[in-house]
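Here's a structure for you.
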């Protein structure tokens, strides 16, 4: 069986390391990454190799057949997310190892939380069972809350509390949806649901609950209020992980369930509504980002805006031609991956700039381009992808989405993509304007360790490169996808 | 993968790699930076020479790989593209030399030269792009890499100019993107092929095609500074002189004009554009811009601003030539792409020399400059004569062909536009020449730079004289092989005979 | 009709309502613990003795103790400041 | 639907009401302890719906039982985590609610 | 009535109506999972179906659930270290309570053991037993009994980790013959599950105790809550 060991390792290993990092002395916690990262990278690549050679697989935990047991689905989508997680989380971990050196020892609890978070995310990517997804969501969500709280300042605690409440409410709504689905169809497996689900009141209410719960966790406008303080106020590597990966978890579940339930069940009206909310997020988030004075808050609001693009997926795949649906699928996933890479890079380079000037205020960045060109360059590369300018992953994604919107005759989404791009340019260049301004000639710049700059640059560069070499990744991502395309 | 494809990548890589290396170099590594800059520029020029020779002999140069399903990244050297590449790489070399002298001891040079090389890479990419997607890719990259140059000085004014520049170019870029995607939906990957590829489409789609054309021309018109999309160009003159010279006389505005040429010739096809009735309005827009730019130029006292408005006007000659249906007009327009580049960069170099050496920015302060800086002033005079179109300067040949082309296309009113604009050109250039040569110096110049052996630093003077010589030669030797006229003829013969 | 179950369900809702609207925080927590114990009975009625055990021990017992403990924490004097009065909405 | 309502269904309906009540409390209250209480009540409601609905007309089903046990443990872990954060927050700020809460 | 209350009320009403509609219109499932559970019981290694589901059929859920519990402890530990508590002076210190405790404690342990063992054929199991253990711990704390081993961080953490580590270890170990994660061989399933449950009980009990003990004991004046050096374990 392909991936016999590597698939369970993807969550078992982080879990084990999470526990081990509690047992070792605090100084040793960070060093566990030298065991964990290579193994996780190897496992991810092995899973990819399995996918490329043998196609999508189902992994039966305990060798029980679903719905009795829990299955894992190893298709292109799952593997794509796993690889994205491995890349972003590994680099963030390398960043954190250096970044946290100067922080109080309590921040070494970042490590167990990181491993649990990682396990939760890999669990979600692989899950095929809707209740298992609930538990996975909780692992990921609580680890994320813990990470936000790590700073233990009043602001961090308030942000964590707000995040926790949103996460709890979201998962309860999801759980109730699961309860209704189980009551109606007697199965928790997605494959079973796909076969059994019909269009009736129970399914619709369950779907509505699941959507609402997951929207809250994804922080889609107007349910986004918890996100900016949590993402903007956390330790820099935490911000990167949360914005790049964690919010994608709930979106991913929504995307999968939407396709599992199929066009018969998923109402077009809801799809359009989700798209409209996405558009609202793009505008509102972009506008708010532009208004921020605090660098990391700006980046956090940018996440609010970028989430909006992902939700164009729903109107573009529901009752549209197969070609438009395929393009929307490609575009959304490209957007998801490109945003993960670019946003992580943006947060990390923002963190570097803040370290350099010793202040989180954007207005204190005057003239920084002279002292920290490399941090700014990473910020710029990531910004290019967020603005959707070529050549970048963001551009390729936008191209695909535009294509899909035209093809499906839903021209109104073009306006969203158009104005959204301009808004993101406005807030990204706001930072640049400041950095190019020639201010008082005081060299206040602190030089952060090189590793920090290099990690941010690698992430930013990969956000660019993924746009140019999107062919193969998109091909993999389509493998075994539920849109019924080759 | 054949070598002919890789050589195109090489042409791109010379400036891309140079840009990367320069970014990583410390600010203080002056010698190293200069070496990298010059080596890359020379290497690029050699590679381009090689390709020109090949294209002349009809060798195919193509590089492609698939980005996403149905979308390829294509680089291809055809006669039109390689003409623009040749111009950019030649002028890059000169401008680099000029910039090294101009920015001596200025801050942030690493950043400057890094983005400068990136700009050249984008321009070359635009020229070599083999389909609309690739074109768009480099077109936006050009926007991004020029922004830091426009705001280079970091003053309030330049930041403001940068912002306006962004508004215009990003908005235009987005429109272009829509047009490109829409075409892509209609016919798939839009490769540039002589004669265009849209004529086969169903006539019911024609209104759609007209809208798409409009969007693309607006998107490209921003960079080509077509009226009323030109406002960013005079503002961007706050940038250092080499930036104004290469980017705003050559790379950026020409990228727009070149893009329009690509769309008309190789996407829609000249005959199909004519049958859709697109060329007439384009010619009108170009004519309005020509007259408007000249009128505005008259009113400027700031030398660079006057040159900028002159650029607004002159670039539209290219667009005008493209929109004249018939080979002669096309030759005139394409030729002017080269001519105007050579002449305008000379003028900007001269303006930079005056500013750096004498501290003079205003035309009213130029009295007697000819005496103090004869060589620069001669170069300026040559450029100005060319712009006015005095025979046998290059500008004359462009205008001559444009005029004949207009008659051939039965658009006789264009002739009037040409005459009026030439008169206006004379009206805003001749007074400058008069001041330089015939007025006595009436004030003390603050001498900015220490004198070398020449009237100013060698690194400022040599490029100026070289480009002036090229501009002169383009006109005088127009009948020789590989002259702009010759090459434009080659392009048009391949374009129209399809 | 399963009268006993109806009564139990009704009582559950009432206790939950009381726990939610009680003016005094302490009373609210006590009502919550009562609610948890009633839940355990409900689980027995649903023929789920395992859940009943878990609910009694964890749901009512542990959660209740944690809440009570926190309540005690809030009631201890808070430095020189006056304790926040429970806000009523 | 049968005419007579089964005992299981009674609890499913109670679960619906409890979830609604809990939701009301969760949103209406500002005091964080009250919101946690409400969260736990909502959770109980969801569990009742899960088991009640699954067993109605089909008899005892061990799978939802296991799910509910898991759910209870997750709920207690979440509550405990929330209380830890809450206590720290209270100690740092002296507040029992969140700032800027409308 | 604030706007918020009105909003909450309307939302609550809407949700109840929607849920009611969903419950009324619920179709009868065609899938019969209980039947499948019953069929697979002989291979599960235990006799009690819920234990079988929790620790065999759907043991992966349980694995992640333990992780959730541990997470809460990790956050509590992290926050305590970030904001150290004052030296603890806890408990009622009541001699009577102490005396009762001396009797009660063994009894509680017996009950816990019984619940654990009973879990394989009747209601009970690791979670319930763990909760009972935790109750004992809480009582100890209330009684002010100083239990050195509970304060020994290393031992405590080892105890916390034991359950999940054993679970993971067994899950991986059984893969050696080339079967998927968590596939217990039918002949040893009972023993393996018992082993997992045993360690889980201990860990769950300790986790719950920690959650109780790790919350700050005092409401300090924030101005006074200066960083104190706590001795590292």
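Order of writing sets the labels: A, B, C, D and E. Residues in every chain begin at 1.
Note that contacts are C-beta pairs under 8 Å (C-beta built on N, C-alpha and C of every residue); 3 or more make two chains touch, one makes a residue touch a chain.
Just so it is clear, the structure is predicted and the values come from calculations on it, not from any experiment.
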Fewest hops from subunit A to subunit D - one hop per pair of touching chains: 1
Partition of the remaining chains by touching, absent subunit D: one piece
Labels of chains that are neighbours to subunit B and to subunit C: none
Most remote chain, CA-based centroid, reference being subunit E: B
Most heavily contacting chain pair (counted by C-beta pairs in contact): A-E
Centroid comparison with subunit C (C-alpha atoms), farthest chain: B
Chain whose Cα mean lies nearest the overall Cα mean: A
Centroid distance [mean C-alpha coordinates] between subunit E and subunit C, Å: 19
Whole-Å separation of chain centres (CA-atom averages), subunit C against subunit D: 11
Length of the line joining the C-alpha centres of subunit A and subunit B, rounded to whole Å: 42
Cα-centroid distance, subunit D relative to subunit E, in whole angstrom: 18
Multi-chain contact residues (two or more partners), subunit C: 50, 54, 58, 62, 66, 70, 73-74, 78, 81, 89
Where subunit B touches two or more other chains at once, by residue number: none
For subunit E, residues contacting two or more additional chains: 4-5, 19, 23-24, 26, 29, 32-33, 37, 50, 57-58, 61, 65, 68, 71-72, 75, 79, 83, 127, 208, 211, 215-216, 219-220, 222
In contact (per the touch rule at the top): chain pairs: A-B, A-D, A-E, C-D, C-E, D-E
In the complex, subunit A residues that touch subunit B: 330, 367, 369-370, 373-374, 377, 380, 384, 387, 389-391, 395-396, 398-400, 402-403, 406-407, 414, 418, 421-422, 425, 429, 432-433, 436-438, 467-471, 474-475
Footprint of subunit C on subunit D - complex, ascending: 4-8, 10-11, 13-14, 17-18, 21-22, 24-25, 28-31, 33-34, 36-38, 40-41, 44, 47-48, 51-52, 55, 60, 65, 68-69, 72-73, 75-76, 79-80, 83, 86-87, 90, 94-97
Residues of subunit D defined as touching subunit E within the complex: 1, 9, 12-13, 16-17, 19-21, 23-28, 49, 53, 57-63, 65-67, 69-70, 72-74, 76-78, 80-81, 83-85, 87-88, 90-94, 102
Touching residues on subunit C, where the partner in the complex is subunit E: 49-50, 52-54, 57-58, 61-62, 65-66, 69-70, 73-74, 76-81, 89
List of subunit A residues in touch with subunit E within their complex: 1, 4-5, 7-8, 11-12, 15-16, 18-20, 22-23, 25-26, 59-64, 67-70, 104-107, 109, 112-113, 116, 119-120, 123, 131-132, 135-136, 138-139, 142-143, 145-146, 149-152, 176, 180, 182-187, 192, 196, 198, 200-202, 204-206, 208
